[in-house]
Amino acid sequence: MKRSVTATIIMLAASLALSVSMACAETIKIGAILAMTGPASFLGAPEARTLEMLAEELNAKGGIGGNKIELIIKDSGGNPEKAISFAKQLIEEEKVFAIIGPSTSGETLKIKQICEDGKTILLSCAAAEQIVNPVAKYVFKTPQKDSQVVQAIFETMKANKISKIAVLASNTGFGQAGKGQIEKQAPESGIQVLATEVYDSKATDLSAIVAKLAANKEIQAVINWSIEPAQAIVLKNARQAGWNVPIYQSHGFGNIKYVEAAGVAAEGVIFPAGRLLIADKLADKHPQKAVLVKYTKDYETKFKEEASTFGGHAYDAFKILCRGIEQAGANKEKVRDAIENMKGFVGTAGVFNFSPTDHNGLGQDSVTMLTVKGGNFVEYKK
Amino acid sequence: MTLELFSQYLLAGVTYGIIYAIVGIGFNIIYNTTGIINFAQGEFVMLGGMIAISMHQWLPLPLAIVAAVLLVMLIGALVEILFIRWLDRPSVLRMIIITIGISILVREAALHIWGEGVRSLPYFVGNEITTVRIMGARVSPQVLWVIGVCTVMVLALSLFFKYTLQGKKMQACAANRVAATLCGISTKNMVTLSFMLSAGIGALAGCVMSPITYSQYDIGTGLAIKGFTVAILGGLGSSMAAVAAGLLLGLIESFSVSVVPLAFQDAISISLLLAILFLRPHGLFGNKDAADLKEF
Amino acid sequence: MKRHLPLGLLVLAIIGVQLLTRATDTAFYLTPLTMTAYYSLVIVGLCLLMGYAGQISLGHAGFFAIGGYLSAMLTTKNLVPFKDNSLISLCDELGLLVHGQDMFGSAFTHVQPWAACGCAILVTIVVAYAIGIPVLKLKGHYLAMATLGFGIIVYRLALAFPLFGEADGISDVPGFPLLPGLSVSGDFSSRVSNYYLAWGMVALAMWLLVNLIHSRVGRALKAIHGAEGAANATGINTARYKLNTFVISAVLASVAGIFLTHYNGGIGPSEAGIMKSVRYVAIVAIGGMANLWGALTMGALLNIMSLRGMFGSYDDAVFGAILIVIMLFAPQGLLGISLSATFKRILRRGE
Amino acid sequence: MLLEIKNLSRRFGGLQAVSDASFSVRQGMIKAVIGPNGAGKTTLFNLISGTLLPSSGAIHFKGQPIHGLPPYRIARLGMARTYQNIKLYPGMTALENVMVGRHCRSRAGFISGMLSLPWTKKEENASRAAALELLALLDIADLAEVEATSLAFGQQRAVEFARALAMEPELLLLDEPAAGLNIYETAEVARLITKINEQGITVLLVEHDMSLVMDISHEIVVLSFGEKIAEGTPSEIQHNKEVIRIYLGEDDA
């Protein structure tokens, strides 16, 4: 009995202690909700590192218009309920200027409405189409849309006279969104999906499923849509099985680690991506060249690992926000308007042209087809 | 189904199966000497792969693997000494929670040491696309390495338990701890030894499978669950039965993809586990009367 | 009644915290506090099962997810394409459906939240009985593994079915209009009422459970925990008592899932994950197993710290470490030893 | 006949623990089961109380077959038991332990318990009063609020006794009630058993203490290696050659 009384007293005391309010600072607070740990950490971790690097760099230069940036990064571990809690915390308690992230589509969709209600700009680093369709006033996203990526793949396929394909997708939001887009666009593009298989994002061996697909001789090509390490296993198992159809990957393949993991099996894989991965191979006059080279070089020197397109999405989000603040000053509404009307912003994913109906701002030209040659990413040319 | 496809499934199943079996045997070794199910068993496999990869930066492959296995055995011993040894007849519930805690801690430590990325050892022979043909199926030579090394481990273990003094001592502990103590066997040291042994075989399995399945900080939990399924399926405590059960589970998993979507693969194997638990908790190959006499 | 004193303190604390946040203009604390309340509901239910009936469950997140997912699915699935189905039109006539418009302005029909909630609870009860009957015959590791297996199956099914949104989970779950003027939703405007609703439910659950453990049934449960064979020979239908307790705690978890999903406006597969189940067990263990108030206190503390991101990237590691330390050094729970001893010492000095 | 056992057998793997045993217990008597260690006495008790299922044979209680019934059903029919190695509920006071014995004589369920309905309180009070009365009968009323498993051995035995009596049984199975007790305590137990018996409760006991058995029982069954080798009054058993050879002879040696 006494024990339970103590317990209650402690509970009361603890809640009081928690209620002590924090002092507010004069700097511009930018929140970030990223899956730095957990199953989506391969997205969240480089994103978080990128943001830290950028904020440090910016503050060293004196901030934006004399205002320093305070970056508050919250690790959601990929849990939607945490993303929700953090979003509310950042908006109401920290009164952040804007939120960058979350890393995954599932989390973004759950806090979309919260940011809308809280009138706080959300710059998502997740891919799903529904984030910006229907358009929510305060919600933007920086990665290419799945529809554009799928379109790029289908165009390449048509050029290669491929019409019968199999789809392999991982069971995460990324994989499922891609699978949905493929199924939606296939009929319009005259592509026939003969088989669809979904594999676990933690799969360790997929030779059985690859064997099953390989047995179907009508399949001319495979789309392997995933953002997780398991996609490299598909490549290896397919090549080991002697299945030599062309393999198309999604933009989730945009991480050199996956090429390393798949080794020679990755050779010849075709996938659409932003130009970040071939930054140093771009022509000097390419508009993105300078931005891409600087980001990849900075990131690689600082963190001793190769930059990925995922970190690039956070880079774009941060830079777009900074540009907005530079243009409109530290006023949320004005910055939102500025972003919505921003044209010709050169980011890592492409050139952003936002509009009130397009909160992604990337055109079809932001996607380019890449392939793997000698363990490196190079532009794909027919 | 063509013969080629059949043998492809068969080999895939044997590969999964033998890995599950090794994890299952790891469970059994510890269970036999302590009556504890070590939920952190899968982490040993993860650590084996991860440490070998780090070691491979400085050491040639065989040495890196040896070093990794030895290190993981040391970690196994440490885990036992730090968390298990000094507990005085802990309840089953307490042990379950402690080993789950260890598993979480090891996993999180690995995340902060090695990061979130995937890594892998190079293929022992050839590269990612080298294949050999067996019964019409094409498999990576690494698959043969996995099957071979695991088979050798199983055989070596059974010889160890049958013919060496240490092995016999451990068997004595398994049969009757009090009697073993009375015969002058230090049961506590036997328990430490059992942790080292199961950590060692787990680590070795982690090394040979690394090129195929990759190593990542969070692969342990999934493997532990499969390994436990196998241990239960065969009947807790029996290593040979675990091998049979492991192969069975692996084959069921690989052949199941021909009928149901891959997304349900795990649900199927776990349902099988539940069915076994409900209908034959002493396992497919276990003896009911013997199981009834065990502690729970 | 002496045993209701902590309950009174709980109610005072609930009101006190709200008044305090109002006075200090920090109403935003109510959001994580509300979420914590629902998790606490799962935890006290699990505490009854683990601490009093002595049955471990490593699959309680599964029941939470059954409640949350079913309720979310039913209230977001557009039934317009099925409107000619006789079952659907029957439901419509019974007033179980809500007609409206979706984000794009097209017709949108979904199940009424009350009906969805009832359906989710019903399914939970059926599943809990179906799983509980065979599972509770098992003991020790087998029981742990079977419940863990159940949790994994729920998790896998949530991931496998497009109906449940696969890895994205379900978003845009509407509010749950409970009474006129009281709706379970995350709107900024209804925050205070939701806070009271959530903690009111916790207080109610605590009242029910405290009564239960002090009743004939509670005594029987403790007896089962202590010596199951002897309890059975004393005339206690141990199987039925364990099963009923299992179902009660499953329903509490499910109700928590339903309400939190409507409050959050969505649910994701991580709510069904193994780590969540382990976390619930951890909190019960830290609270001292057979200590409802301890579990509630530790649950509230740790959950709110976790939801506010206080552990950063070490969230899981913190829970793992706490589990080990508590189980190694204080298997009676944190509050079980040190605090009660301290408290007794203080009391003695006072006398 | 209150209890009838017919051709009862139980095997554990290769071991025949109880083999084709038949005997019966009349209402109102004290009957003892004796036999050397490993004779299957405790197994017999576990079979009667339903903890173990018989391999073959039948058990009838109050004319009703009870083999195959779960222990709690048998308990509700009016059979209570104690254990050789006392089984009290840890973490509960002596009073609470005895109150558990009132379980089958009360009826508050989950819902009424959760809602704490007024009638359940009345029932609780009645249970408490009955339990206290029993503790007083066994001279341990002052230990009511002490945690049962922390009591001295003899006191624990008394609590277990009280718990069994709280069930208001018609048949009381006592598994070595005098084990571990000294001469005085044993005499006390003997007096107590007789007293309980005089209140109309039939007693079946397993006991090693020959003087106790011979003093209080009306009839004795002798088991050896699971088989019944003799049955009769104490004086008959004392003069049975077979018993002396197998049992007493061994005991004297």
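All chains are identified by letter, namely A, B, C and D, in their written order; residue positions are counted from 1 within each chain.
We adopt the following convention: a residue touches a chain if its C-beta (ideal position, glycine included) is under 8 Å from a C-beta of that chain, and two chains touch if they have at least 3 such contacts.
All of these numbers come straight from a predicted model, not from anything done at the bench.
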item	value
Maximum inter-chain contact count - chain pair	A-C
Identity of the chain that, by mean CA position, is farthest from chain A	D
Between chain C and chain D, centroid-to-centroid distance (C-alpha), Å	43
Cα-centroid distance, chain A relative to chain B, in whole angstrom	36
Inter-centroid spacing, chain C versus chain A (mean Cα positions, whole Å)	33
Centre-to-centre distance between chain D and chain B (centres being mean Cα positions), rounded to whole Å	48
Where chain D touches two or more other chains at once, by residue number	none
Multi-partner residues of chain A (at least 2 other chains)	37, 171, 198
Contacts with two or more other chains, residues of chain C listed in rising order	159-160, 313, 316
Complex contacts: residues of chain A adjacent to chain C	1-12, 14-16, 18-21, 36-38, 74-75, 77-82, 84-86, 88-89, 92-93, 104-107, 109-110, 112-114, 117-118, 128, 134, 171-177, 198, 201
Chain C - residues contacting chain B, complex	50, 56, 134-135, 137-142, 144-146, 148-150, 152-153, 156-157, 159-160, 274-275, 278, 281-282, 285, 313-314, 316-317, 319-324, 327-328, 331
Chain C-touching residues of chain D, taken from the complex the two chains share	49-51, 70-72, 74-76, 80-81, 83, 87-92, 96-97, 99-104, 106-110, 112-116, 120, 123-124, 127, 163, 167
Residues of chain A touching chain B in the complex	37, 39, 41-42, 45, 171, 197-200, 202, 204-209, 211-212, 215, 229, 232-233, 235-236, 239-242, 257, 261-266, 305
Complex contact set, residues of chain B against chain A	2, 4-5, 8-9, 11-13, 15-16, 108, 111, 115-120, 123, 127-131, 137-140, 209, 212-214, 216, 218-219, 222, 253-255, 257-258, 261-263, 265-266
